[in-house]
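These notes open a run of structures that come right after.
After this come two complexes, each holding subunit A, first together with subunit B and then together with subunit C.
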Partner chain A sequence: MKAVYINSVGSVSAQKTFNNEDFLEEIVTYNDTTIRVIEPDYKAYITPAAARRMAKGIKMSTVSAKTAMEEAGVENIDAIIVGTGLGCIGDSEKFVSAIIDNKEQFLTPTRFIQSSHNTVSGQIALGVGCKGYNFTYVHSAISFESSLLDALMQIRNKEATNILVGGVDELVDHHVDTHRLIDHIKHKPVDSSQLLQSNSKGCVMAEGAHFFVLSGQKQSSTYGELVAITTYNTLSKSVLSEKVSQFLGQNGLTPEELDLAIFGNNGDIDFDSYYELLGKGIFKNTPQAYYKHLSGEFDTASGFGFWLAAKILKSQTVPTAVKLNQLEVSRPKTILLYNQYRGENHSLVLLRRC
Partner chain B sequence: MGKGVAITGMGIISAIGEDVAENYRSLISGQIGISKISQIETVHKNEIMVGEVSLTNSELEERLGLPKNSWSRTSLLGVIAAKEAVAQAGISDINKERTGLISGTTVGGMDKSEQYFYEYFENNDAWHHINGLHAGDSTQKIARNLGLEESFATTISTACSSAANAIMLGARMIKSGQLDRVVVGGADCLSKFTINGFKTLMILSDTYNTPFDENRKGLNLGEAAAYLVLESDSLVEKEGKEVLGYVKGYGNANDAFHQTASSDYGDGAVLAMEKALKVAGLTPEAIDYVNAHGTATPNNDLSEGRAMLRIFEGKVPKFSSTKAFTGHTLATAGAVEAVYSVLALQNDTIYPNLNFKTPMKEFELVPETELRKEQLNVILSNSFGFGGNCTTLLFSKKA
Partner chain C sequence: MTDLKLELKEKIIEQLNLEDVSVDDIGDSDPLFGEGLGLDSIDALELIVMLDKDYGIKLADPKEGRQIFESVETMATYITQQKGA
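For the complex of A and B:
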């Protein structure tokens, strides 16, 4: 089967990740219920005139996508596939409030246009002049994974060589305020280094944009290989371990052979038990890592997880800040990412050093 | 190479019918679904016409055995159409084979979100709608109501090509062996959000939409849900399934021209049609009928018309847009028209492009204006959306 390579990364997140030279040498900690990204100097990527009208999701994605395309050394790509839980929801909210406040009068189209979930993929296509395949997945916590799966399928089937794949979501007030009402977001601030001991319901909500060039061709910039992905709309704890073992087995691995398991713990007392079940069960002797204390939670936060895994494979180091247990891995070759959100939309992504 | 993916079930609820049979009856009897808006209170109600599903939310909820005000209308419509598709495909245990669900939507639960936008902070009566805003929620609800568990379920939002892309992805996943069976389609309800959004773009007609007519004034928004069941050849063979038609080809391209407008000569559309023909291993001459996107906006119909002239080198096959019946059902349009295309193949029938009077001055393209009986083997269906998203699907009688 044709190998699929991760040839580059790009990240705008709550950590200083927008420069690919850095790898979590300096950790920014937070004590809040929401976290915004550390903003790159947008002027270096986007003209100020264009940036003024741009939704934050588009800005973050532009930087992240440009970084990934530059590192991969490609000027155009065969396909653009973006995952986003909510699209440029800041514009959606402003448009809705304007409809209500102004009684459906005096509205302008810009916010409506940017509300379309596929705005980011469309804008990137416009920016680079890419007339190829263009898709946007909008399925909560597997929005990014759906994009990865699509890209994997296209490269394996030789329908494309270089694909820009990404995930983006923005943090906006109305969404946060409403979701806090229903305990999806924490009510009290949590020290990010103590996220897993918060003992409270909900997550710390954040935002970010992560883009990657996946390719059928290995090159000097290559980070690693994307081996397999699977997603489940539901998965009960009673079958979780079996499903994970099965997935690894299909890819010629046992849980004991895996070098590193990266979990999507977000500090929600009601749902982190899925990760604990694996951490104390089939992966009890496996080095483990987590990342949402650094990135915060959002529908495409698993893009940060994928970025982390790629960086670990390339640098062959596991940053201290992400370690979840004491087990060390000296030469990480295989990494499994497991994520779910509120017990739904589970994903398993396997990466390998190449 | 070029082999089609079997369609074994279909379901639809639209402004012209609550199920597949009723939709077909409307199509062949010229029964349109365009009217003044009745179910949403909007200041624009006298300036627009819409393609509304006649059932109220309460009636839909009653049909599904749900308490009042349970879900977004998108989910209500979606579950009804998806259940019809699964029933027609004769699926008793949906988890028996590797089954997936791929749904397209643009508004998701926006109808409830806009209704309770401020009220959420005053009382908790509608808090169950808060997490219903995101587009994936309707898909999760459909999956749950089909009984689909531990499976692949995802949502696509590429504006007005969403459901067409859902069908494309489903066909690709069956072909590449990732799934044995997949329910594909889309659901979108009307909302103040879309009504006002399209209003700001000034592409809403104040009367019945007139696709491909020189004097077209814009589109009528519509709402609908439509799903198809696609199955692998081995499953069809194993279970001796009746095949309704095949997804023979698919192509996706980006116009990369403008965020909301199509390029003058339909570059993206031409690419999408080219790719679909290539996947099917067919030449343009093989196309018997085109179910056009034909939204009746000045921009779309000109761009699509020119794209058809390019791809068919001037010899455009018989074509029509069914938007005059249903309105533009946004994300769902590709699935609605997929169902209509399969019905066209089954009945060897071309639907009329209603309300057409005057050819456009830029070219001499004239759509079919009368119902026509004629042997059909391959149908091409277009769906284009904001963000430059262009998708073409080919449906065929034979694999």
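For the complex of A and C:
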């Protein structure tokens, strides 16, 4: 089967990740219920004329995508695939608010144009002049993984060589207000370094954009190999360990042989039990890591997890800040990412050093 | 008229999100489209809506827009004429 390589990464997150030379040397901690990204100097990446109509999600994605394409050394790509839970919801909110405020009159085009979910992939394509396959997956917490899966299959089937894959979501006021009302966001600020000890319901909601160039060709910039992905909309705890073991088995691994498990714990006492089940069960002797205390939670937060896994494979180091247990791994070869949100939309992504 | 031109410049900057432009950067007779501010067809739609919403002026013939939106001067002149009519 044709190998699929992660040839580059790009990240705009709540940490200082937009410079690929760095790898979590400095951890930014928060004490809040929501976290916004550390914004790069957008003017260094986007002309003012282009930036003035861009929603924040598009700006973050443009920087992230440009970073990934530059690192991969490609000026154009065969396809652009983006995952997003909410698209440019900030402009959607503004457009709907304008409808209400102006009594359904005086609607201007800009907000409407940007309010669709596929605006990000479209804007990136316009920016680089990519006329190839352009697709956006809107599948809640498996939006990013759905994009990865599409790219994996296209490269394996030799339908494309270089594909830009990403995940993006932005944090906006109305969305935060509604999710706070339904207890999906924590009521009290949480010290991000103590996220898993918060003993409270809900998450610390955030935003971010993570892009990668996946390729059928290995090169000097390659981080690792994307081996396999599977997703489940619903998965009960009673079969979770079995499904994870099956997934590893299909890829020639046992839980004991895995070098590192990266979990998507977000500090929600109602749903972190999925991760604890694996951490204290089939992975009790496996080094474990987590990342949502650094990135916060959003539909495509697993993009940060994928970025983390890729950086670990390339650097062969696991930053202290992400370690979940005391077990050490000196030269990680295989990494499994497991994520779910509120007990739904589970994903398993396997990466390997190459 | 001077107040109206200043008001129009402020509205243009705000409505069209011209982050790096100040009212001092826009001359009264500077072209808004093309070589001047570099506005485009989407901006033209935004300006048409602005005329309607903020000044109660509906453009009956969109072709008129080419002359009306030539500069802040021409916009102010058109608005003043319409208000006086």
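Heads up, the rule we're going with is that the second predicted complex is superposed on the first by the 354 of 354 C-alpha atoms of A that agree within 3 Å, B and C clash if a C-alpha of one lies under 4 Å from a C-alpha of the other, contacts with A are read in each partner's own complex, and residues count from 1 in each chain.
Just so we're on the same page, contacts are C-beta pairs under 8 Å (C-beta built on N, C-alpha and C of every residue); 3 or more make two chains touch, one makes a residue touch a chain.
From a predicted model like this one, the values you see are computed outputs, not experimental measurements.
Student: Would you check which partner chain A:96 touches, where first means subunit B only, second means subunit C only, and both and neither mean what they say?
Tutor: first
Student: Quick one: classify A:52 as touching subunit B (first), subunit C (second), both or neither.
Tutor: The second partner, subunit C, only.
Student: Of subunit B and subunit C, which one touches more residues of subunit A?
Tutor: Touched residues of subunit A are more numerous for B.
Student: Applying the document's definition of touch, where does A:331 land relative to subunit B and subunit C: first, second, both, or neither?
Tutor: Touch partners of A:331: none, neither subunit B nor subunit C.
Student: In the overlay, answer first, second, both or neither for which of subunit B and subunit C A:108 touches.
Tutor: both
Student: Contact-wise, after the overlay, does A:178 reach subunit B, subunit C, both or neither (first, second, both, neither)?
Tutor: A:178: touches subunit B, not subunit C.
Student: Please report the subunit A residues shared by its interface with subunit B and its interface with subunit C.
Tutor: Dual-contact residues (subunit A): 105, 107-109, 113.
Student: So in the complex, which bits of subunit A are touching subunit C?
Tutor: Residues 48-49, 51-53, 102, 105-110, 113.
Student: If you look only at subunit B, which of its residues touch subunit A in the complex?
Tutor: 42-44, 101, 105-106, 108, 110, 113-114, 117-118, 120-121, 124, 127, 130-131, 133-137, 139-140, 143-144, 148-159, 165, 169, 172-173, 176, 178, 192-193, 196-197, 199-201, 252-260, 267-268, 271, 385-389
Student: Using the touch rule from the top, collect the residues of subunit A that touch subunit B in their complex.
Tutor: Residue positions touching the partner: 80, 85-87, 92, 95-97, 99-100, 103-105, 107-109, 112-113, 115-119, 121-123, 125-126, 129-140, 142-143, 146, 150, 153, 156-157, 174-175, 177-179, 181-182, 184, 230-235, 239, 243, 299, 344-345.
Student: Using the touch definition from the top, list the residues of subunit C that touch subunit A in their complex.
Tutor: Touching subunit A: residues 15-20, 38, 42, 45-46, 49, 52-53 of subunit C.
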